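What follows are several structures.
The same chain A turns up in both complexes below, where it pairs with chain B and then with chain C.
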Partner chain A sequence: MLLDFDRLGGLKWVLVGIGILVSAFLLLPILFTVALSFGSSQWLLFPPPGWTLRWYEELWADPRWITSTLTSLQCAVLVTLLATGLGLLASFGLVRGRFAGRETVRALFLMPMIMPVIVVAVALYAFFLRIGLGGTLIGFVLAHTVIALPLAITSISNALERFDKAIEDAAILCGASPWEARLRVTIPAIRDGLFGAAVFSFLTSWDEVVIAIFMASPTLQTLPVHIWGTLRQDLTPVVAAASSLLLLFTLAVMLLAAWFRRRST
Partner chain B sequence: MTPFLDIQNIKKTYGATVAVQDVTLGIGRGEFVTFLGPSGSGKSTTLYVIAGFLDPTEGDVRIQGQSILSVPSHKRNIGMVFQRYTLFPHLTVAENVAFPLRVRRRPNDEIERKVAEMVRLARLETVRDRLPSQLSGGQQQRVALARALVYDPPVLLMDEPLSALDKKLREEIQYEIRRIHQETGVTILYVTHDQEEALRLSDRIAVFSQGRIDQIGTSAELYQNPATRFVAGFVGNSDFLSCRIDRVEGHSARIVLPDGACVSGVRSHGTVRAGSEGTLMLRPERVRIRNAASNTTPSENGAAGLSVTIRDITFLGDNTHFAVETDWKQPMAIRVPFGRAGAEGLAVGDRARVDWVAEDAHVFAESANG
Partner chain C sequence: MSSISIPNRRNAAARPPPVPSSGVSFVLPALLLILAVFILPVVMLLLRSVTEPDPGLQNYRELFESATVARVFVNTFVVSGLVTAIALLIGFPIAWLLVILPKRWADLLFGIVILSMWTNLLARTYAWMVLLQRTGIINKTLMGLGLIDTPLPLVNNLVGVTIGMTYIMLPFIVLPLVTTMRAIEPDLLRAAALCGAGRWEAFRRVLLPLSLPGIAAGGLLTFVMSLGYFVTPSLLGGAGNMMAAELIAQLVQSLLNWGLGGATAFALLVLTLALYAVQLRLLQRGRSQRGG
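== the complex of A and B ==
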């Protein structure tokens, strides 16, 4: 290798130092938030004068936190199902299909990934208001599916491209109908891609805030929207507690995904 | 009697490109037939038509008198082993072999019994619970073979199944395939571009060239009596010398070599016409070489010969390989079995005399493909 870490000599320690600093810069604010959620100061003083679980109790006692969390979960699960399902169908078309304009269709599918989120949000807001989807769960789900779909398609298409079509042909000659071959052979063979698509779709919806702010109504909010709203009204450590729980959940999803991936290989 | 598998006049075109044409071939039950030819010669296309992955532009394929062209691939009940590894990656060896029976909704005890039988036949006992990713290439193709045979298909197609394996392993599995063919009695259609593999495995070989079958026959027939120059060049090693055809009588021709030497009694093939250019074909082991100076051995009955210069000599144990050049600078290869008299004392640069028995020489029309 051109750059061998072990042969860098003194420079090695400089690199290690930079690495530690960057990690600290990225991670400390998160740890800081977690610490504040357990701190007894109402004004988010650091270091906290004492330790308490009071903010978690308040969080638990406030039904708005619970409902917004449930809304977020509901929305994320629906987005996961929708984006993975549509992503699978779209990937079959994009990878296996031979039709004019295929590359254009692929580009259109991936467009939301490169468009600024705020642009997508404003456009969807205006459109959904018009057709009466603003402030509804369906509106949330559709809007989040739009931005989750490119990730799902990328993940599933990659898996499908790596999968040799001859294996499906072999299943067909073995007596499986084309549909049976896809269900029993192709889909299980690309399950890593499907699983990745599901995880990405879930997380995309779970912590998305920009579009959600536009979609939300006073009665229907996702957790990130509620955090944002609470933060603007009063700076309470309850927000830190909510953020910590959000973080914990995201971490759990990631670990679960990693565990599944390891088990399947 | 109608053949068991009857391929009738298959033609497949893609726009203006003709992939195969005039492919007609009858195959008997239990026969091992190989399609031999270079890539792009139409052999795989023909196989894919039989498998149902391609529809022929013209022609018909019948099994026991019934056309199978309107039957979709998954209902044809044909077994196939592919060139690439096509095991189902998420299933174990035993589950891969069981798959065709599972999709046929066979009872579990029958599946268990048949899988055990196939695992034993393909000698996979030690790996039956492994995943394909934990197998070597040779093992994977043996599993594919077991999977293709577990439902007792009347016909087994094999599309260059060993091309991804190294030579030693290839020979080992060729032997396995032969054994399995003998044990099961299944009819096999095998595609390869490797002539040695074709010679080793097949009852009959169909040599493909440019979308057509040039010749169908046993290994010995193809070797001793090639129908075209292409077959002569593809099956076994050959020396080719340009010549002019002087006279043709039935299947015997008299030719004139570029140095003016006349050779009569040469076996002619195809549309050889007097006065046209031709190609003389000799097998390297049927040509004898001796010192030009000795000049003691009188030519035997019907023997013909010419003078050459020795360019290289390679001792290969059971035979010695001479690379020589004719007086008009055409290269020839000659193989002399160890212990045959006449070639002693020859050295690189020497002038030598080569000759052959007239009936060992074949002449083809120059325009014939290849």
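== the complex of A and C ==
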């Protein structure tokens, strides 16, 4: 009865009330930011005295927003390719392979996920300065790939474990070479896992702040680094405009993921 | 050794010949990347804590004796504990609702949780900076309602950090809890009712204990993640309540004290790994109990 919504009695309305309040808590900051991005008040008064597109125009006119967005995109796409590719190979090794120390390797791959990001950021900052990768795109891509890899490997490994290897063997019996069988039978069968890995990797890099703050140079910044720098100076509504555009982007990725999931089932 | 292996040899021959190490080459590229761009830099950072400025353990002595470091770690624990407790209190009813609501409403609520989780971290923190500031909508509303006369200090202090981080951590409580609660057999609660248990008793003696693995998993995850959090505390917190991650950043970036910075990083790392080990132990115990 406590797990049957229709038989909760009065408790039902208490729970629904909490649900509405928490939904408001989760949604209001987001909606509020979108509203302020169209508000005419420099001081973020609410409700705004008028409506304007000025902050979006300022955003568009400032080349630093554009270049940092392009850097972020470039970095996230490279991280997606690298993390998904390496993750696919590693998953084959972890799921199918039989070698000593496999569990240790598996644990090692998951380490970057449980390590406090600040420790990774500071360690890579010192390391990349020493080997001359500080403030370079390669530095950003390598660092973000390391923290995207655990999610990519988990997603692909799970898909690979659900896939019956007998189907791949059957393809080989029918005359396919092992690589042909993997490419044309196994990989299409685990495409959900691959897609998940790609989305996770992209978002990991796209949203990453802490490592990027340490890695950035005055000439090479990702979008989060630029937002961070702006926020430390003042709470300009231009950040609200940037946040709203990022929200739109997140919604698009979520809808794409939902559409993909529906199509594949 | 040899006396054991000889009688076994015949059995071994009957099985398909084992391939001693297949699959290593597949793992190798990712493994090299992790070793070179993760393990090596972290080890180098930790080594600096015992080599800079002089070889020895003086950085660790400073770590334990410094009043500043002690205050930062106490504050880190206070914030993480508060955030975990509040997120659990709010997250439990949400997870419960997600399990029992009719599908359409559950999907909507789930969508809201996921949307907030996937919204850019800085965008969410910015929203709270604006909402909580002295002239922000929350202070304006409270003053308009006549509840307060002067704006409450809601940002650059413990209140701001706690609100901002609870907002960010909520999904990490809700998602594991939903998994646990979905696995609870509704018949158990029906049985409790048949045996004469009231709602409160059924909640306290059936639903809550059965949800405990999810509460422990989500709570520990949130606590550990909060311990090392950097972005939200730096933007919503004040100088008076610095957290461990901010201390590390300040030590290496502003003070260039890599020795003490490395030692603080090591302390944070040990705490984090120890708590994850506890979680792993809890998970394994839960699994073996269910199996036996």
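The criterion applied here is as follows: the second predicted complex is superposed on the first by the 263 of 265 C-alpha atoms of A that agree within 3 Å, B and C clash if a C-alpha of one lies under 4 Å from a C-alpha of the other, contacts with A are read in each partner's own complex, and residues count from 1 in each chain.
Everything below uses one rule, namely that contacts are C-beta pairs under 8 Å (C-beta built on N, C-alpha and C of every residue); 3 or more make two chains touch, one makes a residue touch a chain.
Note that the coordinates shown come from a computational prediction; the quantities given were computed from them, not determined experimentally.
Using the contact criterion defined above for the overlaid structures, shared-chain residue A:R184 touches chain B, although it does not reach chain C. When both complexes are overlaid on chain A, the residue A:F127 reaches chain C alone and has no touch with chain B. By the touch criterion defined above, A:P29 reaches chain C but does not reach chain B. By the touch criterion stated above, A:I167 is placed in contact with chain B alone, chain C being left untouched.
More chain A residues lie in contact with C than with the other chain of the pair chain B and chain C.
When the two complexes are overlaid on their common chain A, residue A:A176 makes contact with chain B while staying clear of chain C. By the document's definition of touching, of the two partners only chain C reaches A:L246; chain B does not.
Shared contact residues of chain A, touching chain B in one structure and chain C in the other, are absent.
For chain B in complex with chain A, the residues that touch the partner chain are 51-53, 72-80, 82-90, 99-100, 103-104, 144, 147-148, 151. Chain C makes touch with chain A in their complex at residues 18-31, 33-34, 37-42, 44-45, 48, 90, 93-94, 96-97, 99-102, 109, 112-116, 118-131, 133, 135-137, 140, 167, 170, 181, 184, 186, 189-190, 193, 199, 202-203, 206-207, 224, 227-228, 230-231, 235, 244-245, 248-249, 252-253, 258, 261, 265, 268-269, 272-273, 276.
Considering their complex, residues 1-5, 8-9, 11, 15-16, 18-19, 22-23, 25-30, 32-33, 36, 43-46, 86-87, 89-90, 92-94, 96-100, 102, 105, 108-109, 111-112, 114-127, 142-143, 145-146, 149, 153, 203, 207, 209-210, 214, 224, 227-228, 231-232, 235, 239-240, 242-243, 246-247, 250-251, 253-254 of chain A touch chain C. Those residues of chain A lying in contact with chain B across their complex are 164, 166-167, 169-178, 180-181, 184-185, 188-189, 191.
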